[in-house]
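What follows is a structure written as structure tokens; I'll ask about it next.
Labels for the chains are A, B, C, D and E, by order of writing; each one numbers its residues from 1.
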Amino acid sequence: MLEIKNIHKSFGKNEILKGVDLKIEKGDVVVILGPSGSGKTTLLRCINFLEQADEGQAIFGDMVVNLKSATRKQIHQIRQKTAFVFQNYNLFNNKTAIENVTEGLIIGRKVPKAEAYKIGQQALEKVGLSDKINSYPSQLSGGQQQRVGIARAIALNPDIILFDEPTSALDPELVGEVLTVMKTIAKEGTTMLVVTHEMSFAKDVANKVIFMDGGVIVEEDAPEEIFSRPKEERTQQFLKRVIPEDYIYNI
Amino acid sequence: MLEIKNIHKSFGKNEILKGVDLKIEKGDVVVILGPSGSGKTTLLRCINFLEQADEGQAIFGDMVVNLKSATRKQIHQIRQKTAFVFQNYNLFNNKTAIENVTEGLIIGRKVPKAEAYKIGQQALEKVGLSDKINSYPSQLSGGQQQRVGIARAIALNPDIILFDEPTSALDPELVGEVLTVMKTIAKEGTTMLVVTHEMSFAKDVANKVIFMDGGVIVEEDAPEEIFSRPKEERTQQFLKRVIPEDYIYNI
Amino acid sequence: MDYQFLVKTFFIALSGVPTALIITIVSLLIALPLGFLLALSRINRIPVISQLARVYVSFVRGTPVIVQIFIIFTSVPLLLKPIFEEYHVKTNIYDINPIWYAFIVFSLNTTAILIEVFRSAISTVSKGQLEAAYSVGLNNVQAFRRIIIPQTLVVALPNICTATVNLIKATSLGYALSLKEINLRAQVAANVGYNYIEAYIDIFLVYLLLCSLVEYLFKLYEKRVRKYKAVDA
Amino acid sequence: GCSSTTTTGSKSDSGDAKKEVRTVKVAFDQGGKPIGYVDEKGNPTGYELEVMKLVDKALPEYKFEYVPTSSEDLLVGVQQGKYQVGVKNAWFTEERTKSYIFPKEFLGLSGVGLLLKKENKDVKDLSDFAKKKLSLAPIAASNAQYTIVDEYNQANPDNKVKLEAGDAFSVDVVQWVNEGRVDGGIYLGATYEKQVLAKDGPYHNLADQVVYNEFTVVKTWPLFNKKEQEFADAYDKAIKKLKEEKKTNDIMVKFYNNDLFKLLDTVKR
Amino acid sequence: MEKYFDVTYIWDTLPQLIPFLKVTFMVAGLSVLFGTILGFILALMKLGTSKIAKKIANCYTTIIRCTPSIVLLFLVYYGLPAIASNFGTDLNTLQTAVFVVITFSIQFGALMSEVMRTAYEAIDRGQFEAAVSVGLSPAQAFRRIVLPQAFVVALPNFGNSFLELMKEGSLAYTIGLVDIMGKASLIISNNYNSHSLEIYLGLSLIYWVLSILIEQLFSKLEKIFSKGKQLIKTT
């Protein structure tokens, strides 16, 4: 469904992405792991044209787009097929929860208002926020905000949802809320590309885990494989650091 | 060394602390756990007079202070005996790392400059930041900033250091840095009162864990006890949520 | 003190309020969008426009309004006359109502001030808001109209209020353009019997009323548009 | 806030008034060349000021201190008692006697006329001007010329001149008339003399383009603060003598290039 | 247009105007000095706990903000002596410059009180808390930690207000104090109102250069005083 080929991206002299290839099938849940600065966010942003890549191709169904020289129309089309869930939510501060969810439908897709509201309500219900429909972001907890962010993404009914560390700005206790929602929609068959540090999510939900470092994909495999038998040394080191051994309790 | 008795605090009509008692001996490392909004931060702030409690007593060695009607002088004395490490660091933005650490010594305690610098350097060395002495907070990563925050506290050589979620504003990868430093100084015998969500720290370092909820202490015990055999139902629920069972890997 | 005159002139001065308000409103209508666009050009460092905007802001902010009025009032006809003649425009340039000069001067002036106001306000709206708008499929215009501008406005509102109040006060310089605004009406009335003291008190009262009313309205509006900010802690 | 009961200057602190010299403040409109202005060296001068200087000499019990200021401030200041007297080419109106003392003796004469483009040279006075529906340059509200036109309009309600208040500083009558921005402006003979007719006048080059038609000569008065009757009387005595000695004529010729005293018989106000 | 416009007038005016900058600076400088002190007091009233003080300070700011400078100037120039005479003091003998400075101090104070209040509020309360938590007294915490940071925040607005004040100072001409603007008016009237466009262009040139210099000065100051702050926004 989505294939990315040989994506390159530099900031100034700093080459951040050094030729990444990626293939996602319909219904896949792909998790990207990697140390800070390895280019995970940049990769996601390039896919959604929030950054312009220096080189590379995206193949979206039968649409082939040059990431560097995409036209406005192509960009618009790709953005219509994707949705982005941001690390720090980025809810529209001046809109209520339901308005946040329907904005893209009504204005971007020209869905009639009444219909958009129905879709929006369903999406908010799915993330368990039926009772917060008319709250402004400033009146919601971080976990609730991020759930609105996810509702905003699923309401668009995109081909794929991109998640950039959706839980890392949350208090440990609120992480659970959001992960649960993500698991639910994953199980419904939504295609997802997720950057996260939550190993439990990767292990339980993903059908592919990609480990990135220094702007390239170091290793990719099924989660059982990569967690129990990582092949590359860098992957081993990283996993050791993120999942310290003394983190294991038997309650 | 420090005893708090029957502390009450309301914000408006909202009673946040409903009579909390606390006793800390020299060398103790006490960890406070509890859900968001249970009053952990408020408790710490009241001890350091960043909030004025409505009722309650603090007994500090042979000094007995009424928390509501403490005089300026008493407040000053208690603050000289304590140090505070803030969740969001609160380093002085207009001072370098070493200036941050020595400010309290030179201005608050009238320690001669040269001596203060020596103490400051040692403190920064202890947290592993000898090479960042002259950096401004804006030039440091979150983990480094928080380590300066800890250095600032230990340089004062206080009777007790109060930590309010010192790692919760940090990226998961930087948390380790700060926890390591905290473990080191705990092992040196510093008395610490720590609000944290880091169970590994509580388990490894604390000699007492307090669980708070709804403005009261629900349960307190040694970490082994409270983690493996929590007596109260609320404690059990909370621990289940924070340490999900599926978080257990065998690498 | 001639109280009768004081009362009479108060109403004469008050009758200048519409003129002051028209100038203010027209200037704001021109300056608000223009200031916003130029602020964007400065933030995005659009070449040429951004530099021109900068020079323009610095000139307008650096020189007294009265001098600007004078320069525009004197030089615009001198510059336009040959152009009108060249293209056989029939209108006599000197028949133009002086209020047009006021529109020009005060719009130019307010634009310069609003450029700076918007520049700082726009920078308080995080880039993430724009990105989120893109990500749900809004285009540039839609994103600005629905997401960025409403948020910018809230931050800018107190400063726009200040600019408006200053603008209203500055319209008192319209007397140099023979505009029958508050100040001039009161002074003309005062000239008959040289009752200048009373006239100045009346001018003071009218501006105080007018400006505090405007300030009050802005506060009300601010409260409304801020509702999404909830109860900031 | 404001009271017209303000006690005047230094009078109160002179114990035995007879012997002591009293300092009085004489305010003048500093932008009124050649009637009253500050010269390049910073000295106050002009017709009205030079006459006041002679009055000062004739009054040993007074010492004049000249304060250059704007016309608006002068009017408020004299009324409030900040200045004891003010000179600004002021003309007499009945209403003004409510706020100021006009002395018995006038201070000078001022020729007033219309400044026009050459082709309108047959417009001799305001009624001609009004009939032809010509446009008039704006006049500052505090300027005496404004009053002249205003009074004309009240007297001739069916043949009014379109009068606009404005500000002196932004209006350059000669240039405006020449450009065609307005058809004419009220102008002072004295200024016209110096500005256009004089060989070194800044607009001498326009001498062929514009004309000046004087339609009246009026007396100009110093304005005394309401409490200064005694001072005004002293002034009257002094200036009467100066006029008899023809001193005022000499000064007028010096500043206006013209002796309007010759026309005194025709002056109505 | 060439007929009237004579560039030489611009250059000829400059040397005549420049000496009068002295007056402009004197008025602006003194007003800034007193206005800043007044603004500080007002800001304290606004930030303090006393409700009445807050009301008074806010009222003061509103009234002053709503009064055109020229009107305020007249109210001070004539109102103050009138009030003082009720107490048997004669203020009419004071120099004109004193009234001008009083007027603009009153105005600058109102502006500054807002600048200072917002600057203070822009500093995170945590800075103060951290300072007292390391044993500084509240006064020390304010002076050493909060104030220097608030100062940096206030600087640009302070610079703007300063520019504003310098331009408004030109109104002093109305009550006879000749600053650079007043001098330009005098030159024009000594020319019988001719060639005023050129003279005003010369005047605006001086103002413009001056304002650019002042702006530069303030941005330099901002850089110097904001050590340690420069990276915050770029991350």
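FYI, a residue touches a chain if its C-beta (ideal position, glycine included) is under 8 Å from a C-beta of that chain, and two chains touch if they have at least 3 such contacts.
Just so it is clear, the structure is predicted and the values come from calculations on it, not from any experiment.
Common partners of chain B and chain D, by the touch rule above, are E. Path length between chain A and chain E in the touching-chain graph (shortest route): 2. Comparing the CA-atom centres of all chains against that of chain E, the greatest distance is found for A. Here the CA centre of chain D is 36 Å from the CA centre of chain E. Per-chain CA centroids place chain B at a distance of 53 Å from chain C. Separating the centre of chain A from that of chain C, both taken as means of CA atoms, is a distance of 46 Å. Inter-chain spacing, taken between the CA centroids of chain A and chain D, is 83 Å. For chain C, residues touching at least two other chains, in rising order: 70, 74, 78, 81, 197, 200. Each of the following residues of chain D touches two or more other chains: 1-3, 72, 76, 80, 169-170, 172, 179. Per the contact rule defined earlier, chains pair up in contact as A-B, A-C, B-E, C-D, C-E, D-E.
Every residue of chain C that touches chain A in the complex is listed here, in rising order: 126, 128-129, 131-139, 142, 146-147, 150-151, 154, 227-230, 232.
Chain D meets chain E in the complex at residues 1-3, 6-7, 9-10, 12, 27, 30-33, 37-40, 67-70, 72-73, 76-77, 80-82, 168-175, 179, 191, 194-195, 201-203. Put simply, chain D touches chain C in their complex at residues 1-4, 72, 75-76, 79-80, 93, 95-96, 98-100, 135, 138, 141-142, 146-147, 150, 164-167, 169-170, 172, 179-182, 223. Here chain C touches chain D in the complex through residues 1-2, 69-70, 73-74, 77-78, 81, 94, 175-178, 180, 184, 187-188, 190-197, 200-201, going by the rule given at the top.
By the touch criterion given at the top, residues 48-50, 76, 79-80, 82-84, 86, 88, 90-96, 103-104, 107-109, 136-139, 152-153, 156 of chain B touch chain E in their complex.
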